[in-house]
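Structures follow.
Two complexes, one shared chain (chain A), two partners (chain B, chain C).
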Partner chain A sequence: MTDRVKVKEIRTGVSETQDDLIEVKDLRTYFPTQDGVVKAVDGVSFEIEAGKTLGIVGESGCGKSITALSIMKLIEKPGRIVGGSIKLDGFEIVNATDDEMRQIRGNEISMIFQEPMTSLNPVYNCGDQIAEAVSLHDDMGRREAHNKAVEMIRDVGIPDPKHRAKQYPHELSGGMRQRVMIAMALSTDPALLIADEPTTALDVTIQAQILELMKALREKNKMAIMLITHDLGVIAEMADEVVVMYAGKVVERSDVNTIFAQPHHPYTHGLLASIPRLGERHKRLAVIKGVVPNPLNLPKGCLFKRRCPYAMPVCDTAPPFQQLGPNHSSLCWLTADQKPPAIGANASGVIAEETAAAMSPSK
Partner chain B sequence: MDTTVNPSLAQRLPGEIDEVDLIPVRTYWQMVRRRFLRNRLAVVAFLLLVVLIALALIVPTLTGEMYRKTSLIKPYAGVELAAPLGYDDIGQNIFLRLMKALQTSLFIGFAAVSIIFTVGVSVGAIAGYFGGWVDNILMRVVDVVLSLPSLFLVIMLVAFFGGGNVWVIVFAIGLTGWTTAARLVRATFLSLREADFVQAAQALGASRFRIITRHMLPSALAPILVAVTLGVADSVVTEAALSFLGFGISPPEASLGNMMTNAINYMIRQPLLIVYPGVTLILIVLAASFLGDGLRDALDPRQRAEG
Partner chain C sequence: MTQPLAATPVPSGGVSDEPILRLDNVVKYFEIRGGLLGISHIGDVRAVDGVSLEVRKGETLGLVGESGCGKTTLGKVILRLIPATSGQVYMKGRPIFSLGEREMKAVRREMQVVFQDPYASLNPRMTVGEIVGEGLLVHGMRNRSERDGRVRDLLAKVGLNQSHIHRYPHEFSGGQRQRIGIARALALNPDFIVCDEPVSALDVSIQSQVLNLLSDLQQEFGLTYLFIAHNLAVVEHISDRVAVMYLGKIVELADVDSLYATPRHPYTVALLSAIPEPDPTRRKRRLILSGDVPSPANPPSGCRFHTRCWLREKLGNPEQCSTIDPPMRDLGGGQSAACHFAEQVTIQAAEEVAARQSLIDTAI
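Let's look at the complex of A and B:
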């Protein structure tokens, strides 16, 4: 448990190390089913520094939420983390016991779920629910916990917090409920906040307010945020770094400016092209053709090749995760200027495999 | 400053919204009371049950052993101030006997229900929460208990452990009656387990016990309450049936069942003898059922009384 103490120290600024707060390395979460193994998360790696926001984008079913749940170790049976490591400031989560996880959940890592309408318990009022979250981890009297709850409700910008604390979830609007969820997640002062599509269920004005709120609290508490979304607008607004996921793999990683200015992976291109823009009335919206491959029947080599406009014979060999810049890497055969690789578009077999291995950073 | 700034706007925190609705806040129990009081039938049932319980508590306590006092002069004697319902075939005061019987029946009803509640809720909650093989084993046990003819089982237990003992009867009824409660709780828990707020509680680091007792049980309260109130009615009826058949409480102790057995012999001569315990039994059962219905509607937090 000494690791957890260390985490708290970092955030309060006692030790100003540049170390990553959370380090996910080659995470693999598989679901054995009757028809075969579904590799929901297959070799995902990323790091988040304290006080930074990592955005995870990708379409539905690409493994974003499973990655988040893996970090919380809340994968439902039969799913299992089969490999890799998740280190919360040096503490290995993958091998943690249930008791240790209970200490970490809510205390070190909090999670905001995407459904504010159903994520609050209907039989307790909001104040009681936040007070419960507080008293689960801090030794606090009932009254103290309740006062803290009212304080948290004020902090997330809900007017008249005393009155609101006595109300039940069904008496609040969606935006209010999401704020209560955020208040609950932040009440224990977590080091990492996992926000799983926190604004998807909300309308745009409330969405903007919630994002502002999360930003303000990030500055105030120096916490790291892992923001899962399929809304690139939210990413542009919030994130420092971006991970693009496709079919359980990270296909592109970079800082937020590069992803929008110089996207490399054809999938990222497709995502960016499919955002509707104001003013372009008479053009059809660009779409990525096809659907996500069936996780039980993944193509050989590149997972995106069936939908990729650049697909070439070499794509039958698993592409390298090539480094394109200091903070930019992409899982693709294309060179930095979108040309076929040096070994040629038709290369295959051992030559391609060896080239891919040489181009990928050693693990 | 030249520009006029709305002070309330200027002070607002980023992200704050000026949405103050003026619904008066009522606590949960205030809302429950309000909804319950709007249901006339439930209120009547509640009052009736209160009256019956009060009578069962007060009258036998005040009169002591008088309910079993026989008299050679009084058989079939008419109504008098000390005996508002008259006397029976051996000169016992019918009113006092009825009150004592009411006490016995209600005691057995509530005692058996506490067994039903404890066992049924625990088994149902464990089966529903954990699912898988735990659920399978527990539900097969429920099936086995359900497949046995329950009255027969109760009679067997009572005959084996000795009739006439109130605790044996309570135990026998409790042992056969918990299955419905267990099934109801299990069904509710199976659906609650997938609820987002349960996952949210897990993400907060709540322990299993806490999730079951604090987060899931309150949501399952409505079906549990209905099962419990119906259980009271069921247990009272079962006890009456046992005593009627001569396996339960036997004279000189009083029970609604043995009063009816006794009254059969005098159906023609004094038909009212069977009416008194019969009507009392019906009143208990009806009051318990209507009360259960009313509570179920009132306790559901998703309902809100209009106006």
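Let's look at the complex of A and C:
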């Protein structure tokens, strides 16, 4: 397939010497509505190294799925990417043409969704659906593509793959359907797999099966995974790096151990404190008071301030994305030890200076 | 089975051993019709297949299980929202499946329900005042201002603004809607509330608000909950006792501490092992159950769990697992389980099995 070769050429041509497979910088995806512009994703940046898993956590409406769809360039009109850059191996996706995107989707980036039933075509059997994906991307004959499909079904741990390939999605259980989705996503050997709440619709025992499967395939295929979920348990289990999103912005990012052991942002704190954990009974659950702000009526300055137990006057100014460690940043005015920043003559340090600037009367 | 209890006065406040609700071999089959005309009876989906339970006054009984295990159906049967196939439910001693419409209406005041989906369970054409006050109207509070006063009290109780009484459900967030559903359940001063996955549809930060609210209301009004959920961490947090359901049957019943510390049914062990813990330093080798939950229309012979049971495999597939349906056995300390080999269920045994299993071949 000449097009594919072309894209590969483009990619290798532009590729810089770096380990990051995908680099998202200041991504902004907006949706104009009658009542105003909804900034679903507003300045999101992260990188994923090849073979690593990035977990994106946040509550519904925080923009995590829109981030994923932006990377696939599957944003439906009137929404569009209004700014920022998404680089896949150095190749700029934001400016890619439809033809180039068609080559990237599936070949380079695959995606699995939360509800497999709505993502599978009910009138084709599973084998044909996977074979279609295979033949579109790898220029194979029908029989060859079908054999590859059966092989993929076997690889995701579905017993009796020949028989299963002839079955239709409605004949399979939820866990099986999700396996078929994964088989289809992996059939073209993508470099990046985007998994949007892949186990949310599944029971715990089936979720455990799917997570183990994803781990095993991650090792086998050496692919990067961008795992979107609201379940902190799944994040702790799977992720190497974590990005916490709130109201369209990244509020904290770090490696997985730091985020669970030393969360900095009050929202991350609140999330971790509010989940009931096994073995910690009868403690009253901590709550994050209030609700997520209306995207059409966001507060000035910090978006979390109305729900934040630490809210202070400086929070009316947009907080800085502070670097707290080599691999840990947080979008908050609090100092590294979670104290309100000092103001006055004795105050020193970046945060104190920025606070002083934000609070100065000239502003 | 013990004899039905007479209605006895129960002490108010705190958990008592007195059952407020007793289920006696409750069965619910849904008929499958097929054949040429689609009217002949060709089988049954055995959604609830012989459940006996007691719910004590003032306690929260957690009911956990995977989708399709019959937990929601059981909740509906208890409330007589759908008719049972056989068996009986005694509410404070009264056999509610045998009551007439008028008597049932009186019992319904005492038993209420909070549903899972706060988007589907509130009528979009009714205001909050009408939704919460509907039960009051049905049960004879005809004076509008009296009713509105009560609704305002209820809204305040569940943490909503009293001025929201004239608003419609679409104006509220998921958590707020669930509060409206809770206010509706409380309107008639019930003793017993079936909470059917009340927090599953909510975001984590909102989930904890609603769980705390349910605990507060339980304390304030001496409520008894049947808390149906699939999230074992949530169930552990809120429950006093927990019943684990698999394919229409209760397979284990115990105090919450015993159940989580020393589970005695292989299925409970697997459920507990499957939960991803929110702590990256405790990543563990989980015990993965093979395969899917079998169809309740055609449940396996003998023990219903035997097709997926890790213990059976470890013990060399003893025959009785696939031939004899194990009854619930009292294992002491208020714990009972339906397993022939409950005594051999240990965390150690489970860990041994977990260490040996292959990662990809778990779907078989």
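What we mean here is this: the second predicted complex is superposed on the first by the 322 of 363 C-alpha atoms of A that agree within 3 Å, B and C clash if a C-alpha of one lies under 4 Å from a C-alpha of the other, contacts with A are read in each partner's own complex, and residues count from 1 in each chain.
The rule is simple: a residue touches a chain if its C-beta (ideal position, glycine included) is under 8 Å from a C-beta of that chain, and two chains touch if they have at least 3 such contacts.
Keep in mind it's a predicted model, so treat the numbers as computed, not measured.
By the touch criterion stated above, A:110 is placed in contact with chain B alone, chain C being left untouched.
After overlaying the two complexes on the shared chain, residue contacts for A:96 are found with neither chain B nor chain C. In the superposition on chain A, A:140 contacts neither chain B nor chain C. Legend: residue contacts after superposition of the two complexes on their common chain; A:167 is shown touching chain B, with no touch to chain C. In the superposed pair of complexes, A:279 makes contact with chain C only, with no contact to chain B.
When the two structures are aligned on the shared chain, A:157 is found in touch with chain B and with chain C. Judged by the touch definition given at the top, the superposed model places A:212 against both chain B and chain C.
Contacts of A:175 after superposition: both chain B and chain C are touched. Comparing which residues of chain A touch chain B with which touch chain C, the overlap comprises 156-157, 159, 173, 175-176, 206, 209, 212-213, 216. Interface of chain A with chain B (complex): residues 72, 74, 101-107, 110-111, 113, 115, 118-125, 132-133, 136-137, 156-157, 159-160, 163, 166-168, 170-171, 173, 175-176, 181, 184, 206, 209-210, 212-213, 216.
Residues 59-60, 155-159, 173-176, 179, 203-209, 211-213, 215-216, 230-237, 239, 256-257, 260-261, 270-272, 274-282, 284-289, 291-292 of chain A are the ones that touch chain C when the two sit in their complex.
Against chain A, the residues of chain C that register as touching in their complex are 66-67, 173, 175-176, 203-209, 211-212, 215, 230-234, 236-238, 256-257, 260, 270-283, 286, 288-289, 292-293, 359-364. Against chain A, in their complex, chain B makes its touches with residues 13-20, 23, 25, 27-28, 195-197, 199-207, 210, 214-215, 218-219, 221, 301-302, 304.
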